[in-house]
Each structure stands twice: as C-alpha cells, then as structure tokens.
C-alpha cells in the first residue's frame, strides 16, 4: 500500500464470497465512484466460475472512462492466494445452498412458525448459524495465518454469530460487521425532519443517532440534527402514521413493510427500533404469530422460491455484463464499506454503526456481539459507549443475547443439547409444544445434516 | 437475651403474621421440642383475633408437662410493639385475601394458563408480588426502626421478591428466606441411597448437597453421603422411575406429585431439580401447557376453593385448641427455623439452604435473590460459593432472574409498563397472543386494584 | 434559550467562582470571539466584590465594537440567583485561602516531600480534596435544586474529586470536567509532525489521539494525523530530545518544564504521558524524590508566595480593566469550554477529552472519575471506549484510582482513618517513616481544620 | 482406591519434593496417626538420594507396632512414575538452591531493604516467584497428563504464585494451597478465651473464624466460639499486651516474634491480622524500615546461613533415622493435610482455610489467589463467601493483589519490564531511589539468571 496525505494506492482487498451477484457489484460501483483509492480486488468463491465472471465484470467497470477509482480484479482459487498480503478482507458468503435455506424458512411453517427472513434468529437463524460457524472458523484461521493485520468486514448473516466466531477463533482479529438496517430508521428521521420542521436534509450522515442493540434488533434512543432534538419529532411521525404506516421503498413485493411494527414498538417502549419490520418481527414474534397477524402488521414473508428465481435472473444478468451485452449500471450503493475503508486509511474520520464483541460499548455482558456506533480513524475502530436500553426492552434483548452465547458455544463445541436449549428458548419457538419443538429441531437438523459435522446423530428425545 | 455456653434464655421473637394456623403452630411445636431455648414470642397479625387465639394456643402448648422449651406467647397490636427489642423476627403472612388469590390462580385459566400454585411466578406470582411489595416495604421500615439488629426469617411467598424488598428498603437488614422444597429432593436421595446401596440413613442433614438457583426453581448439582457420590445413585433412581414416578407423601390430593417433572428435568439437564413438581412446572411450563399435559405429568392444580375450605377447617381446629376441646398434637415440623435460630445464637453450627440477595454466592448478577447453602454460626450467615448451573438451565433461569429484577423495580417504583413487560416475558404467558396477554393483565390488575396503590389506572393497550 | 439552525441566543451561563482573574477572563475572551452565541453570564463568588468587578469587565469587553458575541454580565449574590434558569454552569473556584494552599504545598517539604503543584494528589492534593468536597456537596445540591437540567463544566482541582463529588450527591447531574494538560502533549505531536514529516499543521484538533487515565495522569496510546500514524513519529522525537528536553512555552519560570519526565515515561512504558511534567512527577515521585532529582529532571516547584504576589498583580490589573485604565486584551484561550457549549447546543459536533465517572469508557472500576475522549453533540456527552493502559502503567494507576475512591469516601463520610490510610498509600508519602507520616498528616489537618468540619479532632496516633 | 463407609485403602499419594526433611516427615507422622487411611506414598525429588532415604524412613515409621495407619513408601525417579494413578499430589519443593535464596534475602539488605523471610513478597518473593513459575508449569503439565483427576495440595512458597501457576496452566486442576500461619492467630484467640472468659478450649478447630486475604497477609474479621463473640475478647487481649507483646512458641531464635505487629495492625484497622509478624512486616514494611525499627517491633530476621546449617543438621538426622540409629519421633504436625484428605474422601467434612484462585469467595478481582475458608466434602472443595476487608486494609491489599497478577504474567510470558514494574510497585522497594531499585533488580536478576530462562538479558536501565 502506498500513502500520500490524501490518497492511497496499491491497496489489496480480498473478497471472500466474491462470486456474489449483489454485494460484489455494489462494491465495484462504490470503488468506481471513489477517487482517493486504487489497487487490486481478489475475488475468492467456492463457486470459482462466478468469481471469474465477476473479475471480468469488475475490470469492465474499472475500465469505463468516467471511473474515478481504478482497480484490478482477479479471481483466486484459494483463501491463501486471496488473503496473502491483503489490507482489507470483505466477507459476504451464502452459507450452504438453497436447499438448507428452504429448510430454515419453510420447515418451521409446518409447525406454525413464520419467519419473514429466517437468517438471523428463530429456527432458521439458529440452523443457519450452526452451519456457518465451521465456515467462519476456517476463514478466521486463514486470516490469522495469511493476513493477520488486515481489517476484515463481514456482511454475512447471521451477523452476530459470524463476527463472534471470527473473534472466538482469532481474538486479535481486526474485524467488524456491517449492516444497513439502521439506515432505514435514519431515513424515517429525515422524513420526519422534513414533514414537521420543513428541513430538507437528504444525507443521513448528518444526523446524530445513538445506536445500540444486536444486529437486526437494533435501537436508537437519542437522535439529533444540528440544534434539533429528533426524538419529539419522531414521536409526531409515529402519532401520525402508526395506523396506516409508511411503505418502505422496495425492489420486490416480498420485502414489503409499512413500518407498523417499528411504530408499535415505539409506542410500547418509547425508543426507535432501527431495523426493518421483517427482522424485528422475528425478535418480538407477537407480530408474526400467524399469517393473519402478519397481514395486519403489513409486512411480507420472503419465500425461498423467490430467491431461487431471483438468483437465476441475476446469473443471466451476470453473463450479459461479462459478455458486454449489457452495460453495468453504476449507482452508489448506500453501504458504508468504502467510507469505512477510507476512514481506516486515515483519509476521513467517520462515526458509523458496526457489529463488534462487546467490550464496554453496551451495558451488557462482555463478548456479546452488539451493534453500536464506533469512531473510525487511521487503523482504528473505537466504539462509543452506547449506554443501556430501557428495562422493558432489556427483558426481550437478554433472551436473544443469552441465546447468541449459547448458539455460538453449541456450534463451536458441537453441543447439540445446548443448541436445542437455545432453540427452545427462542421466542419464535415459545408457542409450540415441546414435542413439536423436538420434532421440528430434529427435522431441521436432518435437513442440514451435511453441514453439521461433528454433532452426534442421536435425535433430541 | 441471656447466654450460657450451651443455652439461651429471654429470647424475644416477633412473629409477623402470627395469627397463622399453619406455620405458627409448627413453630410452637419446634420450640416445645427444643430444650436449649426459652423466651417470649410476640404474635402480630392484621387479623388481631387470630393472633390472640394463637397466643392462647401457644401458652397451652408451652404449659404441657413434657415441654422441653418454655415460652410465653403474647399477641401484640402494632409492629412497633412486636418488634421493639426483638432478637428474631419471623415473617409469614398471606398478602391480601382469597379474592386476590383466586384472581392469581384462576383468572389466567380463562386464557389457557394453568398454574398449580400461582404464588411464585407466572401471572399469579407477578400480581402477588406487586401487592406484597408495599407490605414488605412497611415491614422493612419497621424492622429498621425498631429492631435493626434482629435476624429476620421470611417464609412468605413470593420468597425472592419478599427478601429482595427487605434488602431494597433496608440494605443492612439481617434477613434471609427459608423454604422446605429442597428437602423433598434430599428425601429422594435418601430413598435412592437405601434402594441402591442398602444404607438406611433417615436424616437428610447428613447429606451434602450443593444447592443453587432461585426459590422454587432450585437445583442440586453435587450430592454426597460420607464416601458415596450420590449423583450416579440418583441417576439409577431416575432410570428406574422416570416412567411411573414416585408419589410424594401428601396431606391432600391437590398437592399430588409423582416427581415425573423432576425426573424429566434430570434427563434433560443431568442435574437434580430441587423443588416440588407443581412449582417446577410453573418455571418450565412445557409441563403445564394444558390440562391433558398436566395429567400426563402426574401433578395436580390446587384450587383456591380448597384453600378456602381448608382455612375454615383450620379456624375450627384453632378454636378447639384454644378452648382445650382438643389437645394440640406436637410433631417436629421438619422446618429449619429453630435450628437456624440455635445456630445464630452460637449453639450449633449448621449449613442449610437459604434465600439471600446474591453477593457472589452464585455466578449470576449481584442482588438477585438466590437460594444456596450458607454456613450459620454465632450471629452470622455466610453463603458458600455455589458456582454455576449448566448452560442449558441458565437459559431458562436467566429469564426468571431478569423478571425478578423487573418485577421488584416495577413494584417499588410503580412502573406499570415494566410490570407488563415482565408479565409478557414470563414463560407461562408466552403461548397466548399479545392481545390476550393485555386483556389478562388488565383484568388481574383490576381484580387486585385495591392493593396496588400508586400505579396509574390506564389499562395496557 | 432560543435556537435557530445555526445559532443560539438568550443563553444563561452561571459562573461559580466568577470573581476569578484567570479563567473568567478567558471565558470572556472566548465568548467575545464566538459569533453564534449570545446571552447572559451570571457571576457568583464568595468574594462578591471580585464578581462585581468582573461583571464590569465583562460588559466592557462585550461592548467592544469588534465583539462577535454579545453577552450581558451580572454579578449575583446567591447560588440560587445564579443557578435558577441556567443552561450552563461553569465551576472554577479556589477552595480555601492561600493559608491552606501554603500548608498543602510547603508543610510536606519539611518532611522531605516535594510537590511541584500540590493541588491534585500527594499530601497537598489530599487535603485540598478534603476541604473541597463539602463545597462541592453544596454546589451539587444547589444545581439539583435550581438547575437540574443544566450542563455543568468543572475547572477546579482536584478535578477527579470535584467531579466525583458532584455525581455522588446528584447522580443525574449533567457535569463533566475540563483540563488543558492533554493539549500540551498534542502540541508535542504537532511539533514532531513538522520536524520529522515536514507537515505544518497548527491545529491540534486535527489530530486523533486516544486519551485515557485520570486527570493530570493522563496518557495517549494511539495517535494519528490523516494517513500518518503518530506513534513512531513521537518515538523519533523522544529519541532525539530525551536528554536535553524541549522547554514548554511558559508565562513564568515557576512553571518551567523540559518534558524530560514525559520522555522518560515514554521510554519506560512506550506510550505518551499527556500532562505537564510537574503534574506527572506527583504521580510517579521517582522524579521528585529530592531537590537534586527535581533539578535533574528539569522542572520547577511553584511556591505559594509566587501565587500570592501574582494574585496581587492580577487584582491591580482587574481594577485597571474595570476603570478602563487598561484595555482588556482579547486572545483565544485555547480552552475547550466554548467549543463544548456550542457542541452541546447542536451547533458543531466535537470529540474532546473530559473527566467523567467511569461507566465503561475505561477498563477500570465503575465510578472512578477518568479522563477520556467523548463525543459532544446536541445535549449529549458520550464517551468513547478508551480501552486499557499497559500493565506496567496500570500498577501505578491503580494506586491512584484506589486512593481517589478512598479520599472521596473519607471526605463525604468524614472518615479520618480512611483519609490517613489513603495518605499513607500515596506514593509521595511512601519514603518517609510512618511516624513522620502521622506527624505530617496531623499538622496538615490542624492547618486546614477550619474547612474540615465533621471530622473528629483526635490526632492519628 | 477402595472405599468403605468409614475408611479408605489403596490410596495413592504422590509427594513432589518428597526428599524434604521437614514437611515429608510431618506427613509420615500424620499418616501414622490416622487409622482410617492406608496406601502408598510415592516420593519424587530432583535430589533422588533424599527421596530414597525418606522412603526408608517412611517404611520404618509405618512398620512401628503402634502405627494406626499403614503405608508403603517408595521413591520414584520421574514425575510420570509418581503421578500415574495418584489420588492425591502433595507439592512441597525448594525452588532453586541456597545460593538463590541468599540473593533473595540478603542482596536487598545492601540497599537497605530488610525481609524477615524473603519468600513471599518484596524483592526476595518476586525473584523466588519468577524462578518457581517454570517449575510449576512443568508440574501442572505433568498433573494434567498423568493425574488429571487427582487432588493437588501445595505447600511451596510463594504460595499465591504457585497456586496461580497451576491454574493458569491447567484450569481444571483440583488444586489448593495450605499454610499454617492462620493457626497462630487462632491460638491467640484460644489464649484470650482462657484469659478473659476462663474457658479452657485447646482445639482451634472449635473456633469459627472468617478468614480472608492473601497468603501470609491474611485477616480474620469475624470470630466466635459457641455463644461467644471473640472480637471483643481479642480487643481485650490487644489492650493488655500491645506494649509488651506475647512471644510465639518457636524452635529457633531466628523465628522470634512478639506479635507486636499483629497487635498494632489490630489497633490501626480493627481486625485481626492472621499471619506471623515476620510475614506481615513484609507486606506493611513500615515495621521493617530499618534494623532499629525491626528490633522495636520484636521480631527477627532469618539469615540464610542459619537455614544452611539447619539443613546440614537435618541431613545428619535423616541418615540416623534411615540407619535406625535414632528412632523417629512421632507427633501430630498440626497441619491440615491429612484432615483435608480424609474430608475429600468423604470421611469427615471440615471447614478450613485454603488458597485458591478467587471465584467470588472474596470481593476482589476474579482469579487472584486468595486465602479464605472452604468446605471440604467428598471430592469437593467449596469456598465460603468471605466478603470484604475494611477500606483501609484494601488500599494495602490491592497493591499486593495487583502485583500478584503482574508477577504471574511476567513469569509466564517472560516480561522483564513488567517484572520490574511490579518490583518497583512493591512497598518494600518504595523507599529506595529508582536508580538503586534498578541496580538491585539487575543484581538479583543476575544472581538468579540460571533459573530465569526465556527472559532477555538486557539490564533495566
């Protein structure tokens, strides 16, 4: 890497999961738009074909005349090759196949458990976690071996467990996790600012929001904009819209949400839930008790079949981009990755929300992966003390935090009984009978068996 | 109080709730049987009539020729009179009337929630706690004022909240809580010792058992008798009886239990649940999901109507005792109270299980009232470090511990929303819908309104 | 107070110790230079005369044509009058008189103990603390009563004890403490940046420095400027100057320091001590063992007689300013007070170092007043997690942190034996005999007796 | 091992340091006197000759007609041979030779530092710790490998560091440390009981004493005997004897102590220091400032030359015993080892003081090796919660606890600068100049060099 006071070149980024047709393209766009950075992106993927295609696409983009940032993209065939000499590592993988994802999301439905997303908590999140942990153990060991000083940015879900696994295996790792769910709540604050104060601010980075919680169950308990306290302004927003809701801008009907869950949580607890309703309803499943309840709260479930179809569409698009049949459209992704990289290089300090093992940033147990703000400066990510949630929210949060610890331990130490205890303790599993809970666990275990090496095969009885 | 090396006289005991027709008579029996102690018992009760009758009965007992311990019983009409100069305070009250108890136990049944006892946790335990807290605030303030150096022994439920309230109001209080539920598990160990080792030990005090947990959800994770490790012996007991169970000796069919819950919990977690099944099933309501499930697990619910009838029967008995129509039968109660008093006087050290705010005796948050062993010596109760529960049990325990804190705070600070948050967080409430939960909470609140001064009247919406 | 998006008017500031001829004038200058703020400053002082004079001077300054900020200054005669309606409270007092200060600094010299400043730690700091605590109890109670929502900024020493007392009396207070000692270390970093990288940066606010420790014994363990890591650059500075030192710019020879202590501490521990050498040598008195050692390390002691003379000079100047015999010179003070006020009003976010009770910002006991960075935004001061010091420094730091707790408790609860135990535990007292330590303590106690009400009079024997 | 209800046979004890001519003979006596135990003692020593001689002596003793316990003694030549199959491990070694011990005790005297014992704290204790740590790492690893379920009892000093090392290397070890210093304080309590209450109790086990602190700096803050509170009785003892003292029964003038330090500490802090004055004066070196002060406080320093001569005398005695020229005298040692073994076998529960890493038994940091009471039952050592020391004592204790952590880390991780930081932080080193401290450290390091492998050779400058 080469530094000047205001730019850096010869940067090496290793992208694990680099065959992705979503996040990888976003990164390419953001790098294209950023003039102070240049270097090489090495794409690693267990689907090597897709990594190769993405290398072609990346180099096409980088070659556009208008590109501000110039990067070379290459596909690599081993983690060693990708990581050796890396300055930054981006991790964004799909753990397992659609078959396991189908089990995560739809097998619980047979037992009356509905999960809009199914990748974070609940039965789906737990099984996804159990199969992701060994993958992240391998990644952490590889970073330790080949790129111990690199900064690692995780995008994979279940976020908390992924980040926790990295630190469990390699405690000195310089890793953090990023998620854009908080940004949606910040956009609601901008909307309220406009509607009630007439202020047309469009950049959510100009807000101050104190973020705290765990990924996808994150909260904002203080918010301001210049001399304005935003909390009473948000209160007015909720008062106006808690019945009809405000529809999110979405790319597909399966992601629909009217923010009614968010507004109801504000009415219950007096602070701002800062994740999409589809995620929130998995943590507080009062809102997802059955299909009728879900419909009342105005959000949709995302069927895995849609994901399969969408994936096929993206694969086609990918080929068209690579063959130059279509021009790759460039838009800023709205993600924080490139801003964070700049900050870590010393080019511009930022404060943004990240997922990290708790070391005092929140008033909760040490080591739980929490999401709070952190100050990013030259080679440093330093969390702000975010304080504590209201007692009422903490009662719910504690269950999820305790489960996080239990699932991590169950996955690392192959403790099936502990995994089941966490499963039983999950609020989504609370309203089925224990015999159904056992049957569901055993069925999901069997569906995911291939990725759960090391666990015994004896069903929970 | 007067001491010799091996006995004490002129002891002053204040009994709050001294009109009781259960615990008070047990105390009278135990004092009758104990030769090293003598003094005065002052009986205080808001039902002054019953305290007066008990004073008569106490003096009758004490006057029996065979009595080893000689005591004077008096009824007193104020806490000040009862407490001034007291060396020991016994607290055993019924908070509220049968009307509120009926609401505690039976109102939830309308919503499909079954509580065998309803005085500790769950909807019943929570409302009982909320109305007991102000009573215990008064008691704690009175002890602080009139008997600050006295030892206070609590028997009232909800045990944890009662003890926690005493310490919240008067942190220097020398109080602890006693419960006999653990003794039942110890008796099962004696039974196993006989059955599998042929050893006829009848005194549970000769066992070593490490007790830990919270009242009525208490566990034993180490047990020995002389050179015998009792854990594998208990394992054999469970293997033999987990299908048919072992019936507890009971005084009435409504207290029936076959220990099937206890044995199943052992099979799930590998340690001994040390409370009656009827209590355990309120903490792990998998076993009390519906009437059929309850029947399968072999325990009964206790209807409040039975308690009302039983109370009438005892009132009659009380009059007969006082009128000397019937002789008061004397049997050792099996409770620890008098042994504890002796130990605190320096007459015989003991180790026994007690309820105290956690100050390191368990691996859980400071201040939670936990039940563990403690060493009792002259003017000293010193808990043993009891360590920690298995992770699987801790997931369940944490919910109840967090609820304990929340309910205490809600009661002391009159925070209705926090009370409802704890209510919602209780496993017994988990499988009803949130709208039903609100309706149930509001109905129970209304039923108990008279005792819930200071809370606002706005229903939870 | 009135807000617009970019300015605030009608601000009320109460200045306790407003007769000051140092800090008060600095505030006047800084307010004069700041165009986005205006309002009223109420000056309260037990020396009401000096407050009145300062009101005259303040209004003269505010009336200058070139003034960017317009303020009205008034003297007030009670804390109630000063505090009622205040938005900000500045506290900067001299606890006691020069007589007690003389005892603080010079009595220990008779026993071979040398304190360059004598207001923070050591015998002088301890006695100053004991007499300041009741004054701060009064201030905290007054803020609680008259201005509970105001932000309070403390400048008085001993900083840690002053801030700790405010929070002990009124835990919800919005107070923090400010000190400029860290800025000196930051200026050394700017100097190194120029000398070794040729970069002419003059604004220390453009550095990133992670500050941690306690006031006047504060450290920087991470420092960067844009893409530059400053730690290796500071290393070069120390290597070059550790023998000859670098003289601070000073106003008087009694404040002389060559930074040799700072450089030696860097060589010992590998991180940057961020306070003046005269303060540091009181915490690590290896450097102040005797007069010869002090001379070798290149710093001076400040005799109280100099302070008395200086005070007389300032009093004269004050009269000349008030009489308009001399024009008041205006220069930016370099202090953070007005920047902090602006940030708290939402006008411009800053990160700066402040003294606050530890609530996770440092890896040390809860409640210890520590100095770390905090983010200031609209009505919010949120510390960053500063992490922990090297083990070697922690051994020294722990002694001072434990003493801080002990002195606070001794002062609040009038525990003389505990005060003496802290005195004995202070490294400055370690190399005299215990009989001398007792004699010194008793002598200083007697000298300060007038301000130490509530303590018993029995000498430590 | 074979159990019956009331005895155990075929017990295997491995004695590391089994060539000892003090502790080993005490064990032989105690086993001879105990009828419920029998088995084999394997003696391991790096001086294999002395182990062999002790095996002969042990078998002679065991063969005496009057012997109640029958044991076979064998010498073994490797740890593997000694540990394989062991039920108990006794560790009592001399780390290094008299040469290093001479440096520990006498080199500091050249710099004006006097240590009566020199094996626990201070310069001597620190260097002894640094060279003992690698030996204990080897022992811990061997126990982990060959006897992981055995109970290990440590007698070696520095006790805290030895026990801490065992747990650092093998966290699941079942080890504790034993020391008889507390017993001396208990004997003073018996003496007071006789003198002021006329009660002739001779067995200190009948007292209740709450022990807390660290080894050789241990305290008793509660004490009772039957119905008697012993604290006011001890107060009377101190009032009577604090001037003239009470001479300990001693075997040699070099161990003389009048308990004046103990009585003075009681007068300072109101609780009972429970270790010999010679140890206490190393922790609170006010009492050992110089030779005159030491003489005033009535205790003696123990020169290493005396130890060398004594060792020669014991070697001669050893040969005479082995050759049957002299009969081995049998007396109960007064140590707790055999009682503890019996308790761990389930033969008789006891409560006694032991050294263990803190896991809640004291109010201090987790992991510090502390000395408190513990309940010994069948295969279980369970500490009692001992609470906290008075604030005044805690100020001193904290320094030693922090040093314990630092020395352990320095020894395990070969951190010389940290070792020196702990050295500087030791109160015994506080009143010499830093340049002398450096010189002393470097000299002692050089003297002990042979045992300090892994540390760099660069002197502290």
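Odds and ends about this structure:
Every chain is named by a letter (A, B, C and D) in the order it is written, and numbering of its residues begins at 1.
By definition in this document, a residue touches a chain if its C-beta (ideal position, glycine included) is under 8 Å from a C-beta of that chain, and two chains touch if they have at least 3 such contacts.
To keep track of the chains, here are their UniProt names: A, B, C, D = Alpha-galactosidase.
Nothing here was measured: the structure is a model prediction, and the numbers come from that model.
Taking each chain's centre as the mean of its CA atoms, D is the chain most distant from chain A.
Centres computed as Cα averages put chain A at a distance of 55 Å from chain D.
Taking each chain's centre as the mean of its C-alpha atoms, chain B lies 44 Å from chain D.
Here the CA centre of chain A is 47 Å from the CA centre of chain B. Counting partner chains per residue, chain D shows two or more touched chains at no residue at all. Viewed as a network of touching protein chains, the structure reduces to one closed ring of chains, two contacts apiece. Chain pairs that touch one another, listed by label: A-B, A-C, B-D, C-D. For chain D in complex with chain B, the residues that touch the partner chain are 3-6, 8, 199, 208, 210, 222, 224-229, 345-347, 349, 351, 359-361, 363, 375, 377-380, 382-387. The residues of chain B lying in touch with chain A in their complex are 268, 286, 289, 293, 391-392, 394-396, 398-399, 402-403, 406, 409, 415, 417-418, 421-422, 424-425, 427, 430-431, 433-434.
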